[in-house]
């Protein structure tokens, strides 16, 4: 997630440097050719590119809208993961019957909560195409690590371990049947959130649509010099560059927003969110080893 | 689903080849007629087609929006099918009381999970108007194949078999009443997803609306040469072709997006999603015969 | 619901014949008057109607959007009715304890499922202002027919009969308390769907808004000839007719979409959907008298 | 809610009579001044107000959209109140164990259902800033009237009485624990609907936004005469009045839609809806004193 | 939340005073330079800034839309907090078995309800970056104050205390297992609302997008004088100021709406809402110390 402050100019314009260079060279060539050789006779009335410009504006507005919706949905899903992680912890802490505050129950709860933290990390890492089991040994027991190593989908395997634990404590009578239902519903919501992330990650935004916008944008830019040449001469170069810059920047922004799990500065800040979850959950179980907040020293957080 | 890379140009332009040929011939005829016979006196000010162009842009933006929403809803529904298949498997594995890990229970669970995989395949096949029972004998028992062969709606019949199994294990005491409720709710969600797919499949996008947009688009194209003829002469032909191409491509894209279950490259990738479900579910039940991932060697996945 | 094919031209243009006739006569009169009497001195620059045209386009786009949303919501609600009818049947078939497959239980289930089919028919008929009890005697018992005849709201009365039956089988011990909850939740969802249909049926789209759009559209059409007269002379008549046609068609389409329960070709196809429900439900209870699919021999289905 | 027919012209134009009078006087003054004194030299090209006009159109479209959403949400909430009132009645009638159809149970049910009707009336009245307890003595017992008289929020107090009754019949064994859960969930949904109405009632639409649109609209109207004066002379007066009328009417409509609980003709028809609820509920409990439908003899229903 | 009346002009224009001053000086400088030195030869046709103006209008409309959605979602979440606080109180009052209306139960209920009020205050204060425990000692017991002082996330800690209390009364047999489920679901909804507020608070609106709109707006303003100079001379200054004012005001409004928890006049009125909750809840438990409504004597409520 980009932060409000400190976004370097180089980051903003670096995204469109090839496109803008091409436009500058193209517009200059036409301007110079016209000035010194006077052989360009094509002068387009400004209203022709304006028709294309209106259509393009609408298409870009539509695309920005859909891209924003994907980005915002990704954030909503991770917000739900925060909520359900807290709910799961609250339930596991306050449902278990525990006549004398026993070491066994406390150990079980700690292990369960640590596994939930591991679930968040592994989901984030697998969405970013990193090794999903990386650093999970801090939170999991060896036999759990071995279990998940046999699965393609690590977060799904962790949910299964959760469910197996619930089955055990139900059979031991530490939770009742209704409480198992409530806990299972929380697992189901976590499973849904996981699936929603995978959906956003794996669904390509309609590719012909992106193609077509890119194509129209280039036609629009290629026509523009012929419409402005007569009035402005070489002064058209900065104007075309400015207009092109606007359109290219919006297009790029939409492209970044629509894929929020790519390990880029515009990502949903999954690592930061998971750290918050870890801090919250560990305070809830009175764990002392609470990790420090990471200071936001860059122009983005991951 | 179209993939980001490798979309052949022939695919993109093949969609509109008749329309574009017609526009090229039409614009050329008028241009040639005007150049050599000078008998065309109708010159329309550019602002007349511009009014139509603005209306058309808004209508196409609106239609693209609704088409995108249908396509995205279809994808959301299949995402929910992934989630609920995993949830159903997690529940059937971790709800059943099983004092000694018995062969019976394991067999029951395997059969149940295989039936869920069959449900996904049969839903995808019936949405694509293929034989819904095709290849299901890999996952179902003969008596189940016989049962579903009597039903029009195969996925619905499979849900009924699921429910009958749940009734049996409830009566045998292997799940409790509350667990039956939780499992039945998962079946209800699968039933809802199935119905939502059928709704998208069977609901024709308002037909007069599509008709009208097509009609306005042709009026717009037919007027355009008369507006550009005076300024551009024969050079109007490529310009009109370019503008027409933009509009036709958007219209086609909307038409493809709005029907996502037609066995076309723009479909919701139901086969791929079902394969993912099969792999996930079989790993959850420790099945060894996990099918290979299919490599994406085309420009789309089905 | 209009089908994709076979929509007769007369249907499309019949909707706006009065409006278009008026526009043709009006534009011709002005054109002729101007040509032969030369006394019309009012020539409006085209940009004045263009301002109105832009506003109108936005208003029509907005209205189409809301109308489409109502139409789509109506379809979604009927999709939910399909799903919940199947769910109710699945539950009633697989919840009831039935140590020996008894005739009594089978009879009860058949009667219950037939009543659900009757519910769908009566809801559709009452939304279309038809006699809601028409043809229900095929599905209901005489004492049920008598009960519902005392109620204004027939579908609501049928839900009450459902609920009464559930109370009876709970008291007889054929379902347990949790299953009653699950069945009651399905009834609640059906009750919600019914209420949503009534809401769409009974809520008039903001009337001043429709009035205002109609008024602006006429002002726009009345101004248009004065803007085109100078350039086109009598050739303005077909152009104005074409532009007016576009706007009137969109307006009509929105009006039709926004009221989807009026027994018109653009209706939500409630009869067809109910027939599908009947076929599905009867197959689920092994009923032999399954009604035939009705062939779509018109350009619409009801 | 305005009905489709019979909206008097005076109602439509009465909303904007001050604005339109001002515009007429202003435009006439400028026109006359220009005609007889020829001292106005400011002639603005039409494209300057057109920029403002485009922005204004978009802002008004956006505002209409949000206002419509508030109005539609208010209607959806009241639709949900209809549904949940029916559901509550169905549940209270069919959950209560009643070995012999006793007078006590029947009395309890009647009192409960009457209280639900009272809840609907009191909610509607308090949203319209009327006395919330008005006419409730027809439906409530004296001790209930006394209880609610001590509360600011009368509908909330009635829900509490509902909940207390449920507690009593649970303790008396007339409903079981699961049924209390189902009934309590219905109460929770009613509580949510009440809160949603209060949210819409109490949330001011962003005030700076309304202010700004009003301000831009006036700037636009004030500029318009200078743009049209040169071409039209005094004929500009009716044209400006027409254009201003369009914009003012949309603005007013949005203002009315966004506050649907103000005892105005554009309100959500809460009184009519509550009457429908009363009729439905009384038929469900076999009450004979069913109130008559009120004929719609005005151009609106409240 | 800004109220409808009494918004001081200084508040409205104070938001954009630097921007407008800059525009006034810039436009005046160019106007004066042109009038007295006649050395400015750049005259841009008005349609060039119009292209930018159309794109800008669409972008601002899109941004206003997203900002409004964030603001409205924040209000919806706080509306849900009102509803769930009432529901929680209704449940805790009417679920607890209490054969003789005992002092213990009454004390427990009072403490529970006070803690819920404290939860609302602490959530509001922590969202506004104030000390979250401020003034909570009025509602909490000393040992509760001590417990929450150890937590970063105070509202989350309070929910945990709620859950612990529920566990205790379940073990003491004052509520049954099903009622614990219902109460736990209410806690889960409160936990969700809390997480949604944190999501809105912590998610920066796509920063490049805001940057880019700001940049385009400045380019548009910088070009405008050159387009209007020729026609208007120095009279362009007020016109440009007016147009710039419109755009800057919308931009500012969007920026304020999108961050509704910043202790500014445009905030979601969390303090006022919490006061309403406090009054409602205390009346429900018959508490006498009901705080007074705070009169709205400013142009906003917090």
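A, B, C, D and E are the chain letters, set down in written order, and residue numbers restart from 1 in every chain.
The criterion applied here is as follows: a contact is a pair of C-beta atoms (placed from the backbone, for glycine too) under 8 Å apart; a residue touches a chain by one contact, two chains touch by 3 or more.
In UniProt terms, the chains line up like this: A, B, C, D, E = Bestrophin.
Given the structure is predicted, the values throughout are model-derived calculations rather than measurements.
Leaving out chain B only, every other chain stays linked by touch in one piece. The chains that touch chain C as well as chain D do not exist here; no chain meets both. A separation of 39 Å divides the Cα centre of chain B from that of chain D. Computed centre separation for the pair chain B/chain C is 24 angstrom, with centres defined by C-alpha atoms.
Multi-chain contact residues of chain E (touching two or more other chains): 47, 50, 54, 58, 61, 177-178, 181. Chain contacts here close into one cycle, and each chain has exactly two touching partners.
Here the chains make one closed ring, and walking it from chain B through chain C gives B, C, D, E, A. By the touch criterion stated above, chain A contacts chain E in their complex at residues 1-4, 7, 12, 46-47, 49-50, 53-54, 57-58, 60-61, 64-65, 68, 71, 75-76, 79-80, 82-83, 86-87, 90-91, 93-95, 97, 176-179, 181-182, 186, 228, 231-232, 235, 239, 242-243, 246-247, 249-250, 253, 256-257, 266, 279-280, 283-284.
For chain C in complex with chain D, the touching residues are 42, 44-45, 47-48, 50-52, 54-55, 58-59, 61-62, 66, 150-153, 156-157, 159-160, 163-164, 166-167, 171, 177-178, 180-181, 184-185, 187-188, 191-192, 194-196, 198-199, 203-204, 206-209, 211-212, 215-216, 219.
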